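What follows is a group of structures, each given as structure tokens.
Look at the two complexes coming up: chain A is in both, with chain B in one and chain C in the other.
Now for the complex of A and B:
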């Protein structure tokens, strides 16, 4: 293989991995909520979009560094997530899954319509970091490298929280079996509240980083939630780590499909993976075998 | 217990009967001529359209609606159309062609609007025009440049924009004059963007520029970096895009990130809009765009339109807004010429008439395709969108070649 095309291939792989990390933030939050509550949060994309807009407005109105704005968007969406859980989702957690699907779908439509009404459908972006860092013959897009770094740090922090802390263990216990967890003295309601908040905060972080890479409008959440669904099926429903790995795989798969075939086909990759996984590996890469 | 229940039901039924009867009486009262005849205001003329108020084409769709709205205000202040006030019935098609088609069906069959105006974007117009054709409703297709809408033998759809085939002519001719030899063309896989790319390919052959790369992408695609990596490897003189606003912004950003350095960037829709510079700031410099219309053009009514638009919407009008106003003006003139809402006569008039609106000249061929309106090339220079082609309308000299990203401040 000629050197030039090897360089190009690696360049494409770099792009795919960098993008995958942002997918990961979004998908990990979604999977966390699903794991603990068996609730598919359709409004997850809108929470991400709200994160994007928080960063955008802070930058646009007050000139706040988009990275610093994570300190606002994360707690803000954490609180909003807890509110949604407390007042809406908690009412249907024990109902058939279709109910929670409908409730979160309603929330999604509500947030989307409000956002369109107040912020219009304009595409917004934060042109704060532009250009790239060149290492040898490789160009590392500056906004993407930064987004990648932060996404990895946040995902890792949440992973360690889940593995090592008492509260994190309670979250995992609730995920495995809420009844047994309750018998062991875990306050399941509180854990659910915390999880929804945490999942929403991850979505907000994804949104804040995304608006630095892309242009975002109120409907952007809908594009990305579909990718996130494909990722969690690929990685294994309910598995935090699985979602991370699944996201990197999707990022790479999209980049290479676009390179070897066409950009049009890369849009279909998420769904193709979804179908293949459901057919041949229904529990995903790291999902629990049923 | 049961008896009591039955009683209640009886009385409810009775109540409904009385209520229904009195409602009918009330209604018939309305129909009867009043005792003292007062001057009854004429029924307003209702004009329907679906517009992309959300989704990918939202920005431009809203601009077009603003243009329509401004026209409605003006025409009503002048005393209305045929002495009747004008009312709009607008729906949001979410930038989806299939939704647009359904909405025109609803406008014509359920809302029974008197007239229709075109939606925004070629894909939506393509679908919607099948419906207006079916009901023989003449449609001034305001927001559509795609030539292939007019290749289907339709008789009730009329083009306002410069056709897509000619959109990028200025850029290609100018590139050739400057000695460009190779060109990469990428485009969204929808009718207008395809047309812009097809036109550019054809023109490139004529002027001796080799097209070294072509590829299409889906609407709303978020990542162009693999595509741009391929282009970088080929290093063409011109990177030309059949784009809308969001994709043109993303392609520019990602071209900078991947350090892709053609001598010229030219996009069909995007650079000609104020939002392009807002999204990219300095990175928008040097980028060429195609424009249907510019606020600096010297056409009758343009100055007043720009002032009114700024006052109403607190923004500079782009060509989509002007197109909305101009498209409505064309319909207005046709209706005035006919003197009534006779759809068949309005069709005949639209097919034959020649006029100049604030948007430029209007005249169509036997297919309904616009034949007299040119396309303008713009370029961002020091934060200003200058017209650089054709020469007779130019406000500045074009800057060429575009310096590599690394050498730009």
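Now for the complex of A and C:
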């Protein structure tokens, strides 16, 4: 293989990994909620989209640095997520899982349509960071590098929170068995509330970072919930680390598809991956086998 | 009861001859939504396998018919029927893959399926003309469309009625209530799920074809729109999923309300539908039919 094309391929791979970290942020949030509640939050993509718009409007109207706006979008979606859990999802947590699926689907449609009504279907982006960083013969897109760095930091922080702190351990305990956790004195209702908030906050962070590297419109959430779902199925439902690896794989797969075929087709990669994994490897890479 | 049905049939059959074109067009849309909601109900209401991508069959029917009409000069009725058949073939293959998945996996896989097909319909420009869409010859006669939609709606309601009152349909319900238990008493659940999936895909394909002909123009975003799936779910759940009459009541009432009040605000009307799904699941999970049954207005029978 000539050196130049090897460089190009590596370049494509780097692009994929950089984007993958943002996917990871989104997918880890979805997976956290699923782990603790056995609820697939179909509205997760819409929460991400709201994160993107928070950052966009703060930048567009007030000129606020998109990284600073993380400080707004994260708490905002944390509260919204807790609200959704407290008033809507908590009522159907114990019902058959299809009920919670329908409720979150309804919420997703509600938010999506409201966003389309107020903000139209126009694509928006925040062209704050531009240009690229060159290292030898490789060029790194600056916005992607920044988004990657922050995404990795946030994901790591949440990972450490889950592993090391008492509260994080309570979250993991509830995820393993809510009954046993309750017996051991964990306030399961409170943990669920917290988890839904935390998951939504991760979605918001993903959204805020995404709008820096990507043009976003209200329907973007729809595409991304599918990606996030494919990622957690690939990595193993409920596995935090699995979601991170799954996200990098999806990022790579998409980058190579749009390089070798068309960018349009790369939108279907998540779906293809989802189906293949469900068929041949239903417990994912790092999931617990049932 | 029979007299009521006969009178209703007579009115609906004669209506296009004295009603205004606006009323005829409104009714044919209501029949289309009855067909769609009832089809979704056959799968999701009876077997409990919630589909978030049922509009895929509608879109496939629409594209099949549009291509046959414009490129092979097929008559529209035949093209629409073939649209239904292609939808069934497609469901046969997809069902083989997706029906192994349970609960939420199935629902999301179908949501993704529709997105993937939309991408393909947009990207495969040599066949579908991509985002430019396909223009069809204008419709000479609204009445024939009206009757086609009426016939589809009647057929799917009768089919559901037959299912609800047969042992075959009872097995669907057994799958919904307890799939492993159903397997335990010797029901071949894979076969019945497949049957439900295929039965629920035919009529959306047919009305998709008729709708394409009626609109004279289709493009991927309109016939694979997730908002159509939302309508199927809302209408079916609001009326009462897992009943024969529920989706009819739901589709007729919500299509009418949305036409009369919300049609001018397309997005807001979607907002209402989203809120309605949540409200129905939280407050009246059995839908209108269950409410009527509780008050003894409707009999408590599987045939309702």
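General observations
Simple rule for what comes next: the second predicted complex is superposed on the first by the 284 of 290 C-alpha atoms of A that agree within 3 Å, B and C clash if a C-alpha of one lies under 4 Å from a C-alpha of the other, contacts with A are read in each partner's own complex, and residues count from 1 in each chain.
The criterion applied here is as follows: contacts are C-beta pairs under 8 Å (C-beta built on N, C-alpha and C of every residue); 3 or more make two chains touch, one makes a residue touch a chain.
Because the structure is predicted, anything quoted here is derived from the model rather than measured.
In the three-chain model built by superposing on chain A, chain B clashes with chain C. By the touch criterion defined above, A:255 reaches chain B but does not reach chain C. Residue contacts after overlaying the shared chain place A:88 against chain C, while chain B stays out of touching range. By the touch criterion defined above, A:123 reaches chain B but does not reach chain C.
By the touch criterion defined above, A:217 lies against chain B but remains apart from chain C after alignment on the C-alpha atoms of chain A. In the superposition on chain A, A:106 contacts chain C only, with no contact to chain B.
Shared-chain residue A:264: touches chain B and chain C both. Only one segment of chain C in 77-85, 131-139, 149-157 or 167-175 runs into chain B in the superposed model, and that segment is 131-139. Shared contact residues on chain A (touching chain B in one structure, chain C in the other): 116, 223, 262, 264, 267. By the touch criterion given at the top, residues 40, 42, 88, 91-92, 96-99, 101-103, 105-114, 116-117, 222-223, 226, 229-230, 233, 262, 264-265, 267-268, 270-272, 274-275, 278-279 of chain A touch chain C in their complex. Here chain C touches chain A in the complex through residues 48, 50, 52, 97-98, 100-101, 103-105, 107-109, 111-113, 115-116, 119-120, 122-123, 226-227, 230, 233, 237, 265, 267-268, 270-271, 273-278, 281-282, 285, going by the rule given at the top.
By the touch criterion stated above, chain B contacts chain A in their complex at residues 53-55, 58-59, 62, 189, 215-218, 220-227, 229-230, 232-233, 245-246, 249-250, 253-254, 256-259, 275, 279-281, 283, 405. Within the complex formed with chain B, the chain A residues making contact are 4-5, 8, 11-12, 15-16, 19, 116, 120-125, 127, 130-132, 134, 139, 141-144, 214-215, 217-219, 223, 254-256, 258-259, 262-264, 266-267.
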